[in-house]
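Please go over the structures that come below.
Note that chain A is present in both complexes that follow, paired respectively with chain B and with chain C.
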Partner chain A sequence: MNVALVKNDSGPAASSVFAAAQGRLPGAGKVADIRREAFAAFERTGLPHRRIEEWKYTDLRALVREVLPLAGTPDAAALARAKVAIASVAIDGATKIVLVDGVVALELSDLAALPSGVSVRTLRALLDEQSNESRGDLLLTKASDPMLSLNAALATDGVVVTVADGVQLSSPLQLIHVATASKVARYSRSHVLIGQGARAALVENSIAAEGAAAYQANDAAVIWVGDEAALSHVRLMRDATDVVNVSSELFTVGAKSKLSLFNMTSGGAVSRLQAFITLAGEASELIVNGVNLLRDKQHGDMTLVVDHAVPGCTSRENFRAVLDDRAHSVFQGRIIVRQDAQQTDGKMMTRALLLSDEAEADSKPELEIFADDVSCGHGATAGALDDSLLFYLQARGLPEKQAQALLIQAFVGEAIEAIEDDDLRERVIAAAQDWLEARA
Partner chain B sequence: MALLEIKNLQVRVEEREILHGLTLTIDAGKVHAIMGPNGSGKSTLSHVIAGKPGYEVTGGEILFKGEDLLAMAPDERAAKGVFLAFQYPVEIPGVATMTFLRTALNAQRKARGEEEYSTPDFLKKVREISKQLNIPQDMLKRGVNVGFSGGEKKRNEVLQMALFQPSLCILDEMDSGLDIDALRIAADGVNALRSPERSMIVITHYQRLLNYIVPDVVHVMSKGRVVKSGGKELALELEASGYAQFEDAA
Partner chain C sequence: MPAVQETVDRVRRIDVDQYRYGFETVIESEKAPKGLSEDTIRYISGKKNEPAWMLEWRLEAYRRWLTMTEPTWARVDYPKIDFQDLYYYSAPKPKKQLSSIDEIDPEILKTYEKLGIPLREVAILEGVEPKPGAGSPETRKIAVDAVFDSVSVATTFKEELKKAGVIFMPISEAIREHPELVQKYLGSVVPTSDNFYATLNSAVFSDGSFVYVPPGVRCPMELSTYFRINERNTGQFERTLIIADKGAYVSYLEGCTAPQRDENQLHAAVVELVAHDDAEIKYSTVQNWYPGNSEGVGGIYNFVTKRGDCRGNNSKISWTQVETGSAITWKYPSCILRGDNSRGEFYSIAISNGYQQVDSGTKMIHLGKNTSSRIISKGIAAGRSQNTYRGLVTAHRKATGARNFTACDSLLIGDRCGAHTVPYIEAKNSSATFEHEATTSKISEDVLFYCIQRGLSQEEAVGLVVNGFVKDVLQQLPMEFAVEAQKLISISLEGSVG
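Let's look at the complex of A and B:
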């Protein structure tokens, strides 16, 4: 066990993974240069650890220890298993895009019948095109982070989705990540562009096919929300329980737009969603809600960096963690208000419900305010279920577990209620209910 | 036949004995009032009957329909017919009142091996009761007691009592915080539930409530014991002379 730790600290393990992956990574020339530079950037820190401020509470060097080899291209048997797995999350009427072990599975996706105004290309095809030199930007981001660099180095596939200006999608786009292989890593990178005045819902699921275990997922999404556009993005992370999932999302939001992001993590041994959100156009509204439902020794981290770059935007971050056994939840929220960003209204609230004495919740709010006419604030609470509420319910006939479940539902409901679409909200409530029932 | 028999009950809270050998028998169909100074242990008694954690019973017993009540979890007691209308009903944000009522009613029915109510039957029942108690429908759409006035919370307790049809109702200061009209409406609701099978313990400081809910027996509690019992005229006597006469007896 210690051997892996030593190997990782000194580098060769990860670099041999990168070397071995070369033949499978799309893009030559400048794209390959960008990958090499990204890998070098990763290697400067290796797996992020507690001495890197942004990773203080999620020490991957201690929790994960090694970078696993790149997953192979899924074969017919893997695709068949993936097909079975997606049936449990597929939304009727949604436009499904399925990635199996980080590779777009055309046969499981609905790309042949896209709604009008929606285009989808695969990252692999775009990077492999003759004129690929200019597409290296697909692997570049403004934010820098070791795991994002590793993603740029090893991204195998992904999709580039465009919703044209003014298009109002009546049913969601659904991006489903399925793992079929064990003890391997997947890296995907997708781009989503919501055109000016367009409106869309994007659901993202991460699930494991039967038998897939101990994999590593590193999925990145780069999302643009145009002026006067609206995007509701709902993520449901239900990986296998011994899995590492580090997802990065980068949003740029235009003027008079609305972005609503919801994430619920109930799977994975070690999970992190890091979202970097730039409010780049005036008078926009950002709503972020997160829920961690964790038990055993699960570790879940939601890290948000919200950059108010222009005046007059509103941001609301609301996070709820329900922690049983020895689970550990982390919420980090940084709000940056640039000098010009007057009339910024930014608030964050995080609450943890500790169902066990051994569970742990950390929260780190940070406000970096350079403008003077702003209203910003944060709050945090952590505690057990309220005994007097529990007793009231029990005195009315609810058995203890049922009384607890009702209160836990109400607690996470404070975040889930932000999902405006009735069908999506009901799905999320049902997913939370599944978690609760597994408890009883 | 006795519905509830409390024999020599001794209860401690945080190492301090609050009830010092309390004995009380309540027959089926009877309404007993309990009066007594602040801190004499009235709410403690009601909590122990309902099964609230945090109370250590160090002696005595409670039999309910002949069964050992203290051995039952609070939800079992509720299913068996014990109902406590709280002195201070809690607010439960995020749990819709209707969801709560239906979940609770069906949990009790399930525990008794009865069939669960269908949604239309349930809704009809709640509508009937809330109309009698002058509780607006939109109040029931809110979280349990959330944003309810003190009086509305008390009326919501009576609503639950009418819905669950318990065999023992304990009303802990139902009259506190109620205006005169609300008191009359709530008392009418309680009186409508009086029946030969159902007993009530009405805890109050004021004779006024007992004008509406006329008790069969009145007990005086002081310092953790029942120090005097009598008919409804005992309440009038207390109203006139106060509790000073019992301080020594206790």
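Let's look at the complex of A and C:
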């Protein structure tokens, strides 16, 4: 009998993907229970769609349609391709940790020569430790979100990095996600703990090896910044252009600390970074900067939830989108100021530059305030390049494209300049430059 | 910066336990049987002597409503409404056929007197000082349509307006007397299937005002409707339809109050505005429904759909609202900027006290070329109230040259309340220019500096700037309302939290 297969809303049943992945997922007993519960939580909504407020502008049911099967363990050939790919992003002197298709590749990582005070273990090893079933906690988070639940259900590996109290790292830790396989999905979950008084820089890259296409990436990171600690976290997302990348990051920041987060998305067909940041200790400072450089039919989304849970913290969010062709950029920022969080100072700015009549920029800068002695604000603008500025530059002899490039550079520069480390900032500027050059 | 004492005192003066309009009028009334069914709708339609097409329209909306679910996205929290436990129609029992205003039930007259609303054709409202040099008294007249529960009890200045060609009458009358206009425009801005409450309104609406201003006519006086809910357990579902034909101008005011009661009452209105080429409609509201007591018991649930359609080129629609009442407010007066060069404005001041919940804002939908919109919203939350601004600004692909400016500020008084801002900004056209800001400090550093340089303290300077700014909003209100509103909103906004 011939039966026509009708594809439902979320594509081929995600449950069959989950069932098929069972043999590859680390952790038994309680860990497996947590995964089942997480998957059930995902199934209740399926792929998030526009009727779910947090996903209003990034309708994965329309954009993605289906949950792809879990990527297999990379073989030697895949690792070789990954090795070629990482050469282009590897930072000299950085401690590299490489995940290939969601699995830690020890042979490509610098785990043998870690700086003192830094320890790294793999999530897979920790979850597989039979003796300690409470490791399931590694899959739990306070934030609830369908894609985060899916990550908990299917996370195959990741790293658990600890920077001991008081350790000041002089060179960055670099987490590189490389995709080598096509038409598969990867799920990784990492934990980073910055000890009290410690200082570190964490660079995260997402890239594709030669030939990798149409994959799905769902990487989660749970990051703790201890009291009086500082973390600078820079993310550069340059996936292949037909890729779906939905990443979630959860931060908890202690007292008198500083967290600086920078994200730039220029790759991927559909990308989203959702960051949930809780300021849990007093007198801390948060700086978030984001840049979306998109063209063709790319869709990029940055969603931030900043929770001021205690008094006296400062937060600054600054987002820039440059959109060409039919690109679509989304910025959703929410600042929550709890009842006790007096003397909060929160500011949020989102600006979009539309270079084409078919581009679309959607912004939703939200404030949710329960304390009365605070200063919070947000601003949003959208528009084309300023004609009078263009004219000024052209009158001085610059060709139109070059004048545009200069203005675009200045526009995104406002977000990039927040990166304190000179070398990192130069890298980001170079990456932005690449995008601009490809335009001309 | 926390709120200054002056602001605190002023907000206190309009706190929920200071509600001045909470009295009840004892009057015999005629009600539809409790609950909602096709029979209720037939009853309402029958009471109004409506033509068959109107009944059919209502029934279709009702059938549609049965398939809909109540929206839950707004930031408001209330027990489930039992739609079968309400009266959908209540009218004061007529003693006999009325031929003049003097024959209106004196109790009702007294009610409106107490509320300060003249049902006699007086030139100016009580308490309004004539402005020196403010033109002839002719220009200061104000025509009133008074809606008491489900029916319009009086409409003043009808004859004089008729001379100018302006039609101003209860919508129930318009359905009988001007079916061609009503049929053409009713539901053309807010379709019957629009949303849960609008659909319910389409099925059961009982009265409201109808205004038609013919081409080229500038309406000779302010028009106004005063809504009063009196009867217990009754929902008020009014429907207002205002059409400004080519080149016409009209200014319309709306006021609302209700008695103090322990149970919640439902008010689900629909207002539709249509502005043709070069026409302008100015719609002002002072919403002061009973907000519930200081424990959060009672009060009106105000679920309202208001939308204006700038259908013609160069048309303009302006919404001004002062919101101080209602236990729950859920309303988003919107503008569809369809005509080229059309303009939409939204000025709002929402003050919440006690346990009030406000979720209000606007939608500016830019469809035509060179359309512009401006949103000025001020929210003040005190007591245990929650005050949310929710607004959408969107420019369609073809809306070249669209411009929007939005400023929404809010202020908290006390640490038990919440102020929230949820703007949605969608730019789908590169030539659209959108600016959105939500801080007082951003308003003008230069001006502040200028004032401080001349010896004002920082606070005085901010007060001066902000008050000047609020006055801009106030000036959008016709003077008759401005007097009342002034008391409500001459509030400085120092310490605004965006």
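Assume the second predicted complex is superposed on the first by the 427 of 440 C-alpha atoms of A that agree within 3 Å, B and C clash if a C-alpha of one lies under 4 Å from a C-alpha of the other, contacts with A are read in each partner's own complex, and residues count from 1 in each chain.
By our rule, contacts are C-beta pairs under 8 Å (C-beta built on N, C-alpha and C of every residue); 3 or more make two chains touch, one makes a residue touch a chain.
All figures in this text were calculated on a predicted structure; none of them were measured in a lab.
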Clash-or-fit label for the pair chain B, chain C on chain A: fit
Partner chain in contact with A:369 - chain B first, chain C second, else both or neither: second
Chain B versus chain C as contact partner of A:339, first or second or both or neither: second
Touching partner for A:352 - first (chain B), second (chain C), both, neither: second
Which superposed partner A:389 touches (first chain B, second chain C, both, neither): first
Contacts of A:72 with chain B and chain C, given as first, second, both or neither: neither
First, second, both or neither for A:377, with chain B first and chain C second: second
Contact breadth on chain A, by residue count: chain C or chain B: C
Chain B versus chain C as contact partner of A:409, first or second or both or neither: first
Shortest CA-CA distance in Å separating chain B from chain C in the superposed model: 14
Common interface residues of chain A - those touching chain B in one complex and chain C in the other: none
Chain C to chain A touching residues, read off their complex: 1-3, 73, 397, 400, 410, 412-439, 441-442, 495, 497-498
Parts of chain B lying in touch with chain A, wherever the complex brings them together: 50-54, 73-75, 77-79, 83-84, 86, 89-90, 92-95, 99-100, 103-105, 107-108, 111, 143, 160, 164
Chain C-facing residues of chain A, complex: 53, 339, 342, 347, 352, 354-384
Chain B partner contacts - residues on chain A that touch it in the complex: 386-389, 391-400, 402-403, 406-407, 409-411, 413-414
